[in-house]
Amino acid sequence: MNKAFYILAVFLLLLGTGLVLLPDREHSDEASPGELLSNLRNPSRFISTDKVAEMIISQDPALLLVDVRDMYDFLDYSLPGAHSIPLEEIMMYNWVDSLSYKQSQIVLFSNSDILADQAWVLLKRKKYENIHIMKGGLNHWFETIIQPEPPAETAADDEIDRYQFRKGASIYFTGGAVPLEQETSTEAVMVKRKNKTQLVEGGC
Amino acid sequence: MTGPLIPMGIIGQGWDLVIALLIGMAFGYVLESAGFSSSRKLAGVFYGYDFTVLRVFFTAAITAMVGLLYFGYMGWIDLSMIYVNKTFLIAAIVGGITMGLGFITGGYCPGTSMCGIAIGKIDAMVFTGGMLLGIFIFSEGFPLVKGIYQGYDLGALKINEVLGLSTGVFAILLIIVALVAFVITRIVENKVKKVEY
Amino acid sequence: MKFKHPNRSFVAFVVIFVLVIVIGLLTINKPDLKYKLSIDESVEQLMANEDKIYPEDLVGIIEMEEPGYVLIDLRNPYEFIKGHIAGAINIPTNSILSKDKLKMFNRYAADSTVVVLYGQTQLEANGPWMILKQMGYDNMKVLLGGYHYFTTGPLDFYDMPEIPEYLVEEPAYDYYGIMEAMGSKSGEDAGAVGQPQIVIPVRKKKESVVEGGC
Amino acid sequence: MTTSKIIDRSKKYANPYLSGFLLGMVLLATFYITGRGLGASGAIKSTVVTAVVTFAESHAANSDYYSKFISDDSHPMNNWLVFEIIGVLAGAFLSGAIAGRLKLKVEHSPKITSRTRLIMAGFGGILFGIGSQLGRGCTSGAALSGMASMSLAGFIAMLTIFGGAYFFAYFFRKFWI
């Protein structure tokens, strides 16, 4: 046998024995408290109502809306296409294979953002990715999308654009009726806004 | 320091092709320098006159395996993110035997034929041409074998789980098997009539 | 590969590799902070819906100088200096898990002092509260409405609106009514992608999350 | 004995254990960086898919098998393995150049003609092409990387490829020795 064989044999046997002798080390499939805390500071954990409206309207196939309120609230009103997964059941829901969740952008919402945030923290502890909280929840949704405040005349162009978008979205979501305030807009044309809040792309 | 780097997003997507090129170069260099560009050297393993393939192959697989286990243990790499290919039992067996027959007739496997091409082996070029044709034939005939291809899906099984061993015990057993195989093949090699090439 | 002394190079490679692993093993990072509550337990604890401090109660606690309470301001030092609730200690969210802060929390836990966390809003305190709670600090509570409500909202114990503003999870609108009024056909979400769908959760064994490949 | 021959050869090619160790390091680095192992047949498949897409696009889209690998946004050629294989060609060329092995030739046993060897190589290539698709990977992708990641499929691939070759070796002995 040549020398290289002995070198290899010593090397492999040494490391192999090491592997057997190493004490078991706990491998947690959960994010540690520290990781969780640093996740909290990631601004992409929130998604604006405008962005959600845009994704619903453009029928973004990646969007997965999750209503974490209880079933009664859900039956009363929820966002179009939303799934009802009450906070209590959030960990029972089989995220992994029901919807190819890796490709999804999951948006959690409740009436405000507290319940959604609680669901978010739980899911994040389980290392789920691409989960976002709809900032302000349904209350904010009604304030901004369903019943948007018209901006002041002197408002910046941005703001007026945004209002136009929301106006259109409102008509879209409420079924095309003439808006409550006497806005002259007969055109129910969607004003496409530029993607400013790009969701973080994950995976491959 | 936690890998795998690209799936974890530590290295940007733009870099992965550059890395692919570099890794490929290292791969090709090692293969060629070990003699994998010669079909007669490769075939030697089946006729007992040259067991280089077995040595390189086993040593590489075991070294990488042991390294991965250590990296996983130390938390440098998240082993659950390492791709474990799924076992489609019948397809794997039939495919493997077909490849075995291809190996003994063609004298190369895909990676080594690339090394052969790089240093000007015409047989390697023909082999690769054959592979292109073979893949084309398979794709055209895919409906015929679809049942086998997608059937008997056992999932992404790990061998130590199937055998009910811990990773460490399995690793040391495999190491011992490999070392014994190296000794035996050396003896066989010395007994078998030398083939000049 | 051309090596003048293949065996020597081999030994060198092997030794380097083994050294890397040995150093790795020696410097293995110590287990990070741990959770005391499992996820299921923390869901339960969330559903119990305790650990809330109502702002009007806090006014009383501060005025009566009730013992056994400590206020933690989670906002950044700059905001803290600009104004904070009297007697609060500033621990910005980032640093709640630092060693000395945890030591402090341990002390409070030992003498069962109630720790009231607050941020600018309740949302700001929610995450830190949940993390500390899951780590087993039972004495953590959250101030509803946060600093914002405490400094701006009505706080008269005997004269609170039926649904105070700080209960943010209460619907601020009659969603169904508004949708109806604005022309949604019989509550249906017209023009919508699809009907809301109820998903029946399935209990399933946990499975590995990661699928290989792209 | 042909000891001189052996020494000659061991000078010519690197020591197999050292090569194996280095290959293991390359493989480990690949896993560490990309989360998956090395591969070769995938690149060849990409080439076939690209060719079919180029010359018969509708056919490719209708085929069950091709359509798996065509997606709108990424060109099948623009594939990790393809770049890896380009690297392999470069690396092997470099090694061959350093060792003075660059030479256009057909390597065959003196007992057979070049023509026979080429026919056999082509035949083997076809079989390997079919087998690698059915078995979802070749010696490097399925067997080597699979063994390193301890996957059952990797060990099955290794056993069946080598087992198959050993089984058929007897029938093809006159082509090699």
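The letters A, B, C and D name the chains in turn, as written, and every chain counts its residues from 1.
We take it that contacts are C-beta pairs under 8 Å (C-beta built on N, C-alpha and C of every residue); 3 or more make two chains touch, one makes a residue touch a chain.
Computed from a predicted structure; not experimentally measured.
Participant: Among the chains, which has its CA centre at the largest distance from subunit B's?
Facilitator: When every chain centre is compared against subunit B, the largest gap points to C.
Participant: Tally the contacting C-beta pairs at the A-C interface and at the B-C interface, and name the larger one.
Facilitator: A-C
Participant: What chain is most central when centres are computed from CA atoms?
Facilitator: The most central chain here turns out to be A.
Participant: Counting only Cα atoms for the centres, state how far subunit A is from subunit C in Å.
Facilitator: Measuring from centre to centre gives 17 Å for this pair.
Participant: Taking the mean of the C-alpha atoms as each chain's centre, how many Å separate subunit B from subunit C?
Facilitator: Comparing mean C-alpha positions, subunit C is 47 Å from subunit B.
Participant: For subunit B and subunit D, let me know how many angstrom lie between their CA-based centres, rounded off.
Facilitator: Computed value for the inter-centroid distance: 8 Å.
Participant: Taking each chain's centre as the mean of its CA atoms, how far is subunit C from subunit D in angstrom?
Facilitator: Centre-to-centre distance between subunit C and subunit D: 51 Å.
Participant: Check each residue of subunit A and list the ones that touch at least two other chains.
Facilitator: 4-5, 7-8, 11, 15, 18, 22, 25, 29, 203-204
Participant: By the touch rule stated above, which residues of subunit C touch at least two different other chains?
Facilitator: Residues 1, 6-7, 10, 14, 17, 21, 25, 28, 209, 212-213 of subunit C each touch two or more of the other chains.
Participant: Enumerate the residues of subunit D that touch no fewer than two other chains.
Facilitator: Correct list: 14-22, 25, 35-36, 95, 99.
Participant: Line, ring, star, complete or other: which one describes how these chains touch?
Facilitator: Contact pattern: complete, every chain touching every other.
Participant: Spell out the residues on subunit C that touch subunit B in their complex, using ranges where they run on.
Facilitator: Its residues touching subunit B are 1, 17, 21, 24-25, 28-29, 208-210, 212-213.
Participant: Please output the residues of subunit C touching subunit A within their complex, sorted ascending.
Facilitator: That would be residues 6-7, 10-11, 14, 17-18, 21, 25, 28, 31-35, 39-40, 42-43, 46-47, 93-94, 96-97, 122-123, 126-128, 130-131, 134-135, 168-173, 175-176, 178-179, 181-185, 187-199, 201-204, 206-207, 209, 211, 213-214 of subunit C.
Participant: In their complex, what parts of subunit A are in touch with subunit C?
Facilitator: Within the complex, subunit A contacts subunit C at residues 3-4, 7-8, 11, 14-15, 18, 22, 25-26, 29-30, 32-37, 40-41, 56, 59, 67, 71, 73-74, 76-85, 87-94, 96-98, 102, 110-115, 117-118, 121-122, 125-128, 137-139, 142-143, 146-147, 170, 172-180, 203-204.
Participant: What residues of subunit A sit close enough to touch subunit B in their complex?
Facilitator: Residues 1, 5, 8-9, 12-13, 15-22, 25, 29, 202-204 of subunit A touch subunit B in their complex.
Participant: Please name which positions on subunit B make contact with subunit A in the complex.
Facilitator: Of all residues in subunit B, those touching subunit A are 7, 9, 13, 59, 62-63, 66, 69-70, 73, 80, 166-169, 171-172, 175-176, 178-179, 182-183, 186.
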